[in-house]
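The structures considered in this document are given below.
In the two complexes that follow, chain A is the common piece, with chain B as its partner first and chain C second.
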Partner chain A sequence: MVEKCYIPSSLEEALKIRRETGARPLAGGSDLMVQYKQGIGITPAFPFPVMIISKLEELRGIRQKDDGSVEIMALATPDEISQCPFMPWHVKNAASRMGAIALRNTATIGGNIGNASPKGDLPQPLILLDAEIVLRNCDEERIMPLDEFILGSKKTALRDDEIIYKIIIPPVSYSYAYYRKIGTRKANAISKLSLSSLITIEEGVITDFRAASGAAGPKVIRSRESENILKGKRIDEVQDVLPSFLDSWNDAISPHAMPQYRRNTTRRMLEHFILTAAGMPENQIIE
Partner chain B sequence: MIRIDDRIKRVDAVSKARGEAEYLSDLRRDGMLYARMVRSTIPRGRIGNIELPVLPEGYYFISAKDIPENGKNSLVMIAGDWRCFAEGDVRYVGETIGLLVGKSRAVLKALDDAIKITYEEEEPCISIDDSIALKGGAILGEDNVHCSLVSEKGEPVDDVLERADRIIEETIETGFQEHVHMETNAAMCTIEDGKYTIYASAQCPFYIRKSICGLLGLTPDDIVVKQTTTGGAFGGKEHFPDVLAGPLLVAESVIKKPIMLVFDREEDMQFSVKRHPSKVVFRTGVDKDGNILTSDIKVYYNVGAYLSSSYVVLQRGVFHANGVYNFPSTRIRGYGMATNTFPSDAFRGFGAPQTLFAIETHMDHIAAQFGIDPVEYKKRYFLRQGDETVTQGHIVEKVVLNEMLEQVAAKSDYYRKAAEYKRGSGRGIGMSFYNHGGAFTGNGEQAIIKAHLRLRKKGDKFTILCGQTEMGQGFMTILRKIVAAVLETDIGNVLYYNPDTSLVPDSGPTAASRSTMIVGRLAEEAATLMKDHLDEDEAEVETEYRHPEGHPWDQSTFKGDAYLGYGWGVCCVEVEVDPLTNEVKVDGIWSSHDIGKAIDELIVHGQVNGGIIQSLGYASMEKMENRNGFFRQTSMSDYVIPTSMDFPRQEWGLVDNPYEWGPFGAKGMGELVFNGADAAYIDALERALDTTITKIPMPVEDIEGVRR
Partner chain C sequence: MIEFKLNGKLVRFEGNPLTRLIDVIREDLDLTGTKEGCGEGECGACSVLRNGKLVTSCIIPVGAVAGDEIITIEGLRDTPQGQCIIDAFAEGGAVQCGFCIPGMVMAAQALLLVNSDPDEDEVRAAISGNICRCTGYDLIVDSILLAAKKGKGLW
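Coming up: the complex of A and B.
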């Protein structure tokens, strides 16, 4: 009962089909095929036309630019991302823990973003790193911060004639990095809660601090207002401002289920990361 | 030639690994139709109107009205209360109202979506507490009690409690558990040689015929059941295949074409039986030093809407409620409570795991209150040969728990670690002790089953004929190996096929850890008899179950030897809790089991590993909640079971303690290995966090609530 299915052979054709029919792109199918399955022995039924874009070479690959930014094309799989030598650590880490091996070879970054699940693994570190998303239609390219592209649970700013083209992660540097995914089990798991964070300390002063919470609200949570509480502070002031930062972050997140666990754990992880970073001599990743 | 101590490759391993084994959904027949269940969408209420869409040619809606006049709308499990089709009212979400049958599963779904059923809804009763409080009015009788029993031993409990220095009261609860057998439930009905023939992914083909024949006013012999290669069961296919086969049989009587019904995974999760949730209430009388004087225990199981086999599950729960301990006085009262949830039914352990978890955890808590190491404390009460059981029977066999404890303590370095890891340090080690009564309760093997097995010789091949099923546990290998070892021949010369009830004698269900112990023994005896016929080209011998002497049992009062013998287990688990996230890392798992004798150590190893991991999943992550009659976890992404990443390599051991009445000295073991790792894990977790835990499962979010 598929309404109509297209298999474009070029990006240009895909964009044309998209404009003319509104067909939704299907790449790995690891979300759509599950979401619209009808049960055993029945073909999945999509209440909208689809186009299978998994063969489009123009949407493949991962590149590093001269300025150090990383471009991930929409069809890059979590496996490719996790194996990529120049992939920023947070993203690599998140990609390596997505689902099972079969899924990591099937799913795509474009799909993971387009699906806009608050539990999605990749948007969380990408939003931490201020990644931008590049969208295309027949006529033009549009670029916007990923954080603005994802509007809420299962909602994005994608227009009816656009497809996700690529993701750009700007160059990033930090003194300390943190990433945790708490899954329903140790492998092949959906996230119960996730957090990534980074901190840059220069001459005893916090010059950059960012955090991103996954599965703690309708979308990935960044709060510049909370982050600003720490930015510009001296390391020896951290203890004093930490409570107000943690309270502020707690106000920013809005977990619906298991609120006590998600709030307390987020608070403990942030506190641990910041205090450990403040007391550490060298750049490193904090477990 | 094979010897019993050889570790061999499983006879079914290659065909399953290669995907060559044929499962039910692989079957094809000319003109085959598919079926789809039309189910209740409310937990409790009267059915108003069923408005059907226009059915295309060749499509049918089968319901209670299609049961002939001489038939009865009843599936006869142990009780006959489960209706084949709901009629008048519905009692749980997912209850079968009708069966849509036709050629295309897509059309069947569309028809199902178009059916409009109106209900007069009533307030549902979901939990044990709801049921006790008669929420929405009684569902069953006046008190919602499906079944109950009492076991008493020693001086009257109330008298002893009166003089006790302290009475330690607590309630321990366990949740639903889903079987998650790899192959979902599936069955097919057709007519072969003029007889109704059921193909089913099932544990107990003879149960199916007995259960469904009355729907058409037939006798069991009028129906042939053929087991298809079964991809896992864990008890979930003991009685539940009847719920598929019954409606299929009624449909077959109308349509007369092959009809197949295969559950989707999500359908299987939402609409199949589960392990009984339990609530065990203790009032334990102790003296000033913490010595146990008496235990007063109430056991409540959430039975769901229909009794099915729950009375026997409850009996097993009650008979295991004192664990492996000998208290001078006990009273255990069991209640199976009616609710509007999907009926609970058999699941590996069959009622024993819930009460064993409860007593182990309760003992840990008493020990902690008196500042005694729980292992030292429990050891004082270990049952020994000749001791009186809670049913006023006796432990007939030699009990080697102390030896097993020392084996596990040495491997795990328990005593050092228990002293070194301070309570609340984030690290903990825990240990549990458990047993499992082998085979049917009481004299059931004699009074109810009376198993038969035949062994047929043709040329140099021997064919085993019995009703036992392979469901992944390794029984085909076990039984062929027993016969081959007795006959001193190659295992390839011993044949044994998936049972067909028209060809094999009834050797009883593949359940209750009885297959090796009881039917394996029959095979051993048959092979021994066959030795006298080895010079004949064709020969056949048959063996019949004989009850061992010295096991008195009164089924009307539940007094005597509840089981023919017990398997015994010790499990130790070491954990480390992440102070930030509550994630639990299991650093070690050590176990020792007394199963009499291993028929094949490789298979036993698989059962030990699997049983322990399944039990750890039950204690930690396998959360199945029911809200207003609906299971909240409906897929394998929200109901998670452990992967090999969650629990590390296990160290396991066995003790040699041959059982007089088992083949080569073997006792039952398939359920035993599920019965205790949960309590060891929770013991370790409690010590790591310096807290008290009174329910399982305990996923990270629930650990949050018990953190100090």
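Coming up: the complex of A and C.
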């Protein structure tokens, strides 16, 4: 059965269609068109009604607010995100390594989040930076941490009458930053494993530490409990607490395929970043 | 009805808006220069330009290009820039079986539009989403560099 396809011309109309029919938004198409493809010369068959929202101006653009936070509208592409001069480094880096050029001109941040693949590239750095997601229905806006919005593999807290409106990244500062995507190739690689992290050191004390593991469980893993093991420690204590931190992070992730490889590699990346940061001058990107 | 520009001409499409752009190009408009390889946006054979940017036409529904300007290999061929790239591909021996070439030419054009004097690394990055299963990448890269050199001032 061929389900209906709508092309709303405004956000208001899109939200009305969403409420009345439950039609699923199609933004770039790079996930949905592949998931429901039928073959050469055949139109993809969707088992649900769809609305093409690619042209909704209200969902375009990237802005920096006065408080330093960055708002990325749902239809921003990885290409736009990677070229944005005020985009936080971790997110910029992840966006610039997604797929290949044509994909980066087609996919959207809203789609990458809404698809909720455990291997999705953008949720990982966004969750590291405590990003929030803004959802809309006909009547109201709802805002929640992105970490809570993504529930698991392919599962989100999006309600049947809502669409993803924008992402807000709060202002961020750090002394050291780390991002690594491990894939088979430079281009068109699906992440085997990814990790981003940041450390702030003030007067020899770790005042902020965060990490986010991608493709290491059903969703992006952040463990505040593990992060707290390092927070408040002096640099000269890092060696002593590092093993318990690494064990704790190892307990937090839950890779289902090749778990030993993913666990060992995650451990080595974190160890490398933390030890290098502890012995370096400030404000560095560590690779 | 969906309206967009293709190679400078207005196209009106009245079918299912979820029809893949490549099927409209090849089946409805009979422009068979654009090839289909993987059908998943991974191989670049179906590359076209949308508003000057490289996209893979196999994963884009035609309903998503309303109001856009699409250029296929047929549209590019008839321009001085396109002719320059095509001549350079011939001179440089870039073409083996030829299946990936329309996509490679579109990727070269997308690069040269924003960077008229690329180095080898930039050329390799620009075609990183285009797969040549004859594996003739080196000659393709050389030919794109040749096009940039010979076509100075065109971009």
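Here, the second predicted complex is superposed on the first by the 285 of 287 C-alpha atoms of A that agree within 3 Å, B and C clash if a C-alpha of one lies under 4 Å from a C-alpha of the other, contacts with A are read in each partner's own complex, and residues count from 1 in each chain.
The rule we apply is simple: contacts are C-beta pairs under 8 Å (C-beta built on N, C-alpha and C of every residue); 3 or more make two chains touch, one makes a residue touch a chain.
All of these numbers come straight from a predicted model, not from anything done at the bench.
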| item | value |
| --- | --- |
| Touching partner for A:46 - first (chain B), second (chain C), both, neither | second |
| Contacts of A:188 with chain B and chain C, given as first, second, both or neither | both |
| Touching partner for A:79 - first (chain B), second (chain C), both, neither | second |
| Which superposed partner A:102 touches (first chain B, second chain C, both, neither) | second |
| Which of chain B and chain C A:258 touches, first, second, both or neither | first |
| Contacts on chain A seen with chain B and repeated with chain C across the two complexes | 39-43, 186-188 |
| Residues of chain C that touch chain A when the two form their complex | 2, 16-20, 23, 26-27, 36, 39-42, 44, 47, 50, 53-56, 58-61, 63-64, 66-67, 107, 110, 125-126, 128-130 |
| Chain C partner contacts - residues on chain A that touch it in the complex | 2, 5, 7, 26, 28-30, 33-34, 37, 39-44, 46, 50, 52, 54-55, 79, 99-103, 105-106, 186-188 |
| Partner chain A, residues of chain B touching it in the complex | 25, 34, 105-106, 109, 184, 262-267, 579-583, 621, 637-638, 640, 642-643, 645-646, 699-701, 704-705 |
| Residues on chain A engaged by chain B in the complex (per definition of touch) | 1, 38-43, 180, 182, 184-190, 192-193, 258, 260-262, 264-265, 268-269, 272 |
